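Report on the following structure.
Chain IDs A, B, C and D follow the sequence of writing; residue 1 opens each chain.
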Amino acid sequence: MSNPTRQATAANKPGRPAAATAAFGRPLQGWRLRAYTIIFEADTRAGRRFDLALIVAVLLSLALVMLESVASFREAHKTWLSWAEYAFTALFTAEYLLRLICVRRPLAYATSFFGIVDLLAVLPIYLAFFFPDLYALVDVRVLRLLRVFRILKLNNYVAAYLSLGRALRASASKILVFLSAVLMIVLIMGTVMYVVEGPENGFTSIPVSVYWAISTVTTVGFGDITPKTDLGRAIASLMMLLGWGVLAVPTGIMTAEMAAQRIGETASPTTRSCHACLREGLQADSHFCRHCGAPLPEYQRD
Amino acid sequence: MSNPTRQATAANKPGRPAAATAAFGRPLQGWRLRAYTIIFEADTRAGRRFDLALIVAVLLSLALVMLESVASFREAHKTWLSWAEYAFTALFTAEYLLRLICVRRPLAYATSFFGIVDLLAVLPIYLAFFFPDLYALVDVRVLRLLRVFRILKLNNYVAAYLSLGRALRASASKILVFLSAVLMIVLIMGTVMYVVEGPENGFTSIPVSVYWAISTVTTVGFGDITPKTDLGRAIASLMMLLGWGVLAVPTGIMTAEMAAQRIGETASPTTRSCHACLREGLQADSHFCRHCGAPLPEYQRD
Amino acid sequence: MSNPTRQATAANKPGRPAAATAAFGRPLQGWRLRAYTIIFEADTRAGRRFDLALIVAVLLSLALVMLESVASFREAHKTWLSWAEYAFTALFTAEYLLRLICVRRPLAYATSFFGIVDLLAVLPIYLAFFFPDLYALVDVRVLRLLRVFRILKLNNYVAAYLSLGRALRASASKILVFLSAVLMIVLIMGTVMYVVEGPENGFTSIPVSVYWAISTVTTVGFGDITPKTDLGRAIASLMMLLGWGVLAVPTGIMTAEMAAQRIGETASPTTRSCHACLREGLQADSHFCRHCGAPLPEYQRD
Amino acid sequence: MSNPTRQATAANKPGRPAAATAAFGRPLQGWRLRAYTIIFEADTRAGRRFDLALIVAVLLSLALVMLESVASFREAHKTWLSWAEYAFTALFTAEYLLRLICVRRPLAYATSFFGIVDLLAVLPIYLAFFFPDLYALVDVRVLRLLRVFRILKLNNYVAAYLSLGRALRASASKILVFLSAVLMIVLIMGTVMYVVEGPENGFTSIPVSVYWAISTVTTVGFGDITPKTDLGRAIASLMMLLGWGVLAVPTGIMTAEMAAQRIGETASPTTRSCHACLREGLQADSHFCRHCGAPLPEYQRD
């Protein structure tokens, strides 16, 4: 399976110190190297096929979990649902163990982002033996689909995903400032509404009022709790305008500025208006209206 | 009141043809000129005081109309409310007539934007004699407050207001294309939901379904009508993602692009990964992992 | 009807191989050419009038379908509604057949975008013979109005429409990354809420919970399903902030950056503050406060 | 505690006029200087520890207030809740008095932004003796956390906070114009809906209708009040499209423009189309379709 000439890698060169082995684990060879290439990388045809099969398996198991939660479906298909569950459980558990085996340092894999994702993909099934309600959390395995970008060999997808992550980290401080301000406003406004409206109007405690405040400022507006007093509705109006205004004011202003640059306009600062056509903004020293030509009286001002 | 030397304007110069008078109306002199300056312009102290008094009057009358609509308030203050109504009616009617008089061409004023606004400010009161329900439309007189920008003598406010108007006209074609697309989508989706959900689920007719579709795509989500069937909810989910996505996709992408430019990043298009630290994106010709230094086997690919 | 000199087109030149005829169908001449010009193009007066009549017909038939769905209207106007239906059906069917006839390759037309739109404009009527409920889908014919841009001979509308389409294709990869992330988040959060709230609180299955999650993240917030438990409301609050934050954070940050550039400001990184006026951000080497002039003690720090 | 050589500050130099003392209060020395450094500044280790302890205290007291409002929690922990309240009250009151003492001009501190925030942090507790309902307003002390940015010694946070404030002031005029327009629209539309729908449909007065109008234009959509008449729903649809469109139109257009620049496209203004492949936008002088090569008849137009 493995070509002898391929074996002449950096790992096997004479003189390679044993420290490398100690630091990085046994070098990959033979079937372990082959397994690693297929499972972890996607630049070989076998690797791509594996990823494709994995995606299909993940999607199928997700559909299974979602349909199982629908009571009518669960009743109608009781028999084969359990078998399908066991099948997928066995499949993903075997795959996870195989990953641990064919990596040089299993602990590094198990603590990496994808390692944790892969563990969370199988864990809920076992937790469900003790806490049956948690079975649905198997849906977390959808995060495994983050690998799907590789198989499509679309580099710009990968670049887009990485750049989005870095973009967030670069602006982290600004985002934190912004969100802190929002949280403070929401806490204070929620408390004010709790005082103004009170538990008899649905605002049963401060946490509940803060939940309402968040639903109002983010313009979601469930409507399960609504202000009934006039003062409460006035405060709610302010919060709604704030939450929407944070979005609307910048976009509206930016559009106006862009268009203004395109037209290259200059402001007309006087209120002098023509008696005939009533157009405003005439120059202070005009003798005739520049729009309609009417003769103008001398400009009065003090 | 009027200075003889001021009278030597372009309108009165010898040789000024009578055509000007015919075309533009009698030239303003004496008390008409003074009234015009005070009422229509705001660069004199008297003009500014007039505008201020006007704003106060408009705001007071608005507050009056709004409070009158509250049944409890109406009951408690029946007596003086009628008198206040009559007072404001007389005031604004007198002002409107004065405007007509002191302008060179009353018809031009009556058909201008502000002329129509001023007329709509008094008209509902008279209409209410025949249609009492329409009295509340007196609130339209809030548009008179568009004049408030002048009295504050803040030129950038005037410029901002004018530039916003021009910005809209410049992009008119793009806005129309966008809104047409939205209307088509909303009509088709509303019809589909009408067919899928049907009148028994609240979608009583196509116009009502279109109203629901608009409330969903614009992310308002009143909740007075909601889909009950699975297919209906699936379609609703698509529409919600569309309506929100139109806002979220551009803003999210623009942020990522801006940050990407700031970092100046280059994509790493391979999926080659290190067996030890599991970092992806290694160069195809690496012998050692550039993150952790582990020696790498030869890169497998086909 | 056709001018003999006009006939001397490329299609009729001597030496033109029969291959063209085989590949593209019989060249258009005579009444077929005239029909094609009127129906498919809009640069002749007849062509524009045809498009105008078409738009009016489409709008009228749409209004008819919408009004028919209103039960009260249907009852009141039963008689002429059926006749109007038949009339429009005949009209649009005849027009579709005419289009097929006067085109060189009918199959190319039938499979093009507008060809499918035109087919969908008449098909529901015939489907309604078998499935009466589908009649309302006649509204799909509103897509025919996409042709309306041509008759107004407004080239910038056409350009805007085309550029919008191309813009979407250019950013397709980024949009896909973004939407994938949203779908994963919505699936996981929906499942978590299903586990936390459970069917007794309205979250009857995972698909329903995902529908709720979408309505929350997209800030629509119907309110037909709402969390009742404290943990559920906390998770809902996070989702609302996420959905709104995706819009608010970029717009808010971009505004701050634009304004910061305009002011050209530099940060003051110390917390040194003046004992008298309490202004922060004094330089470490100041002896006097630069705001109020108070003498300062030596700066304490370690 | 204080080093004699450190005492040789600008404040103590010989020849320093007594005017400085009169104008700025007694210069800080000894324990007052030390207290000031710890409490007001955060560049010493003691100063940072103080700020950290303060943040923890504020967060704990906030959690306490929030949990107290939950009836079940209040019942279960009645005993120690009162003691905790008194403890925090004493703590923050003592801290406020200490601040007043160790500042050169106590009045300047009491009237500064942070001074007022610190006062509002303790005041509600004392007001609650007279108005028990106001106790919850203790939550206002969350504003004290605005100081948290200093302890993290993250200068870009400080810069971000300051720049956000300045950004708002720079665009103040534009924001005011925008918000004025929104308020006018909301008042008029609210009044129209009051006239159209009337109190029997939930629109009990003009203020309530304006509250509904705000919830619609800001796309919050609580759903506690909804239009029932056809005309009312039509007007509501317009308002929803307006409120969402203000956000969607600029973002959508900006994206299209950015992408258009990237592609560098030129519009094709004719509607000339190929008979064979049906592609539009052919040049007026083409003899062959540039997409499929079909020979074209001469272009008909008038």
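Here is the rule we use: contacts are C-beta pairs under 8 Å (C-beta built on N, C-alpha and C of every residue); 3 or more make two chains touch, one makes a residue touch a chain.
This one's a predicted model, so the numbers in the text were calculated from it and none came from an experiment.
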Two copies, chain B and chain D, superposed on Cα atoms differ by a rotation in degrees, nearest 5, of 90
Relative to chain A, largest Cα-centroid distance belongs to chain B
Rounded to the nearest Å, the gap separating the Cα centres of chain B and chain C is 22
Per the C-alpha centroid definition, the whole-Å distance linking chain C and chain D comes out as 31
Multi-partner residues in chain A (2 or more other chains touched) are 156, 160, 164, 171, 174, 178, 207, 210, 219-223, 243, 247, 249, 251-256, 258
Interface with chain A, chain C side, in the complex: residues 173-174, 176-178, 180, 184, 187-188, 190-192, 194-195, 198-199, 204-207, 210, 216, 219-223, 226, 230, 233-234, 236-237, 240-241, 243-245, 247-249, 251-256, 258
Listed in rising order, chain A residues that touch chain B in their complex are 6, 9-11, 16, 20, 23-25, 27-29, 33, 36-37, 40-45, 103-105, 108-109, 112, 114-115, 150, 155-156, 158-160, 162-164, 166-168, 170-171, 219-223, 247, 252, 255-256, 258-260, 262-263, 265, 267-273, 275-278, 281, 287-288, 292, 294-302
So, in the complex, the side of chain C touching chain B is made of residues 62, 65-66, 69-71, 133-134, 136-137, 139-140, 142-143, 145-146, 149, 154, 156-157, 160-161, 164, 171, 174-175, 178-179, 182, 207-208, 210-211, 214-215, 217-224, 243, 246-247, 249-251, 253-254
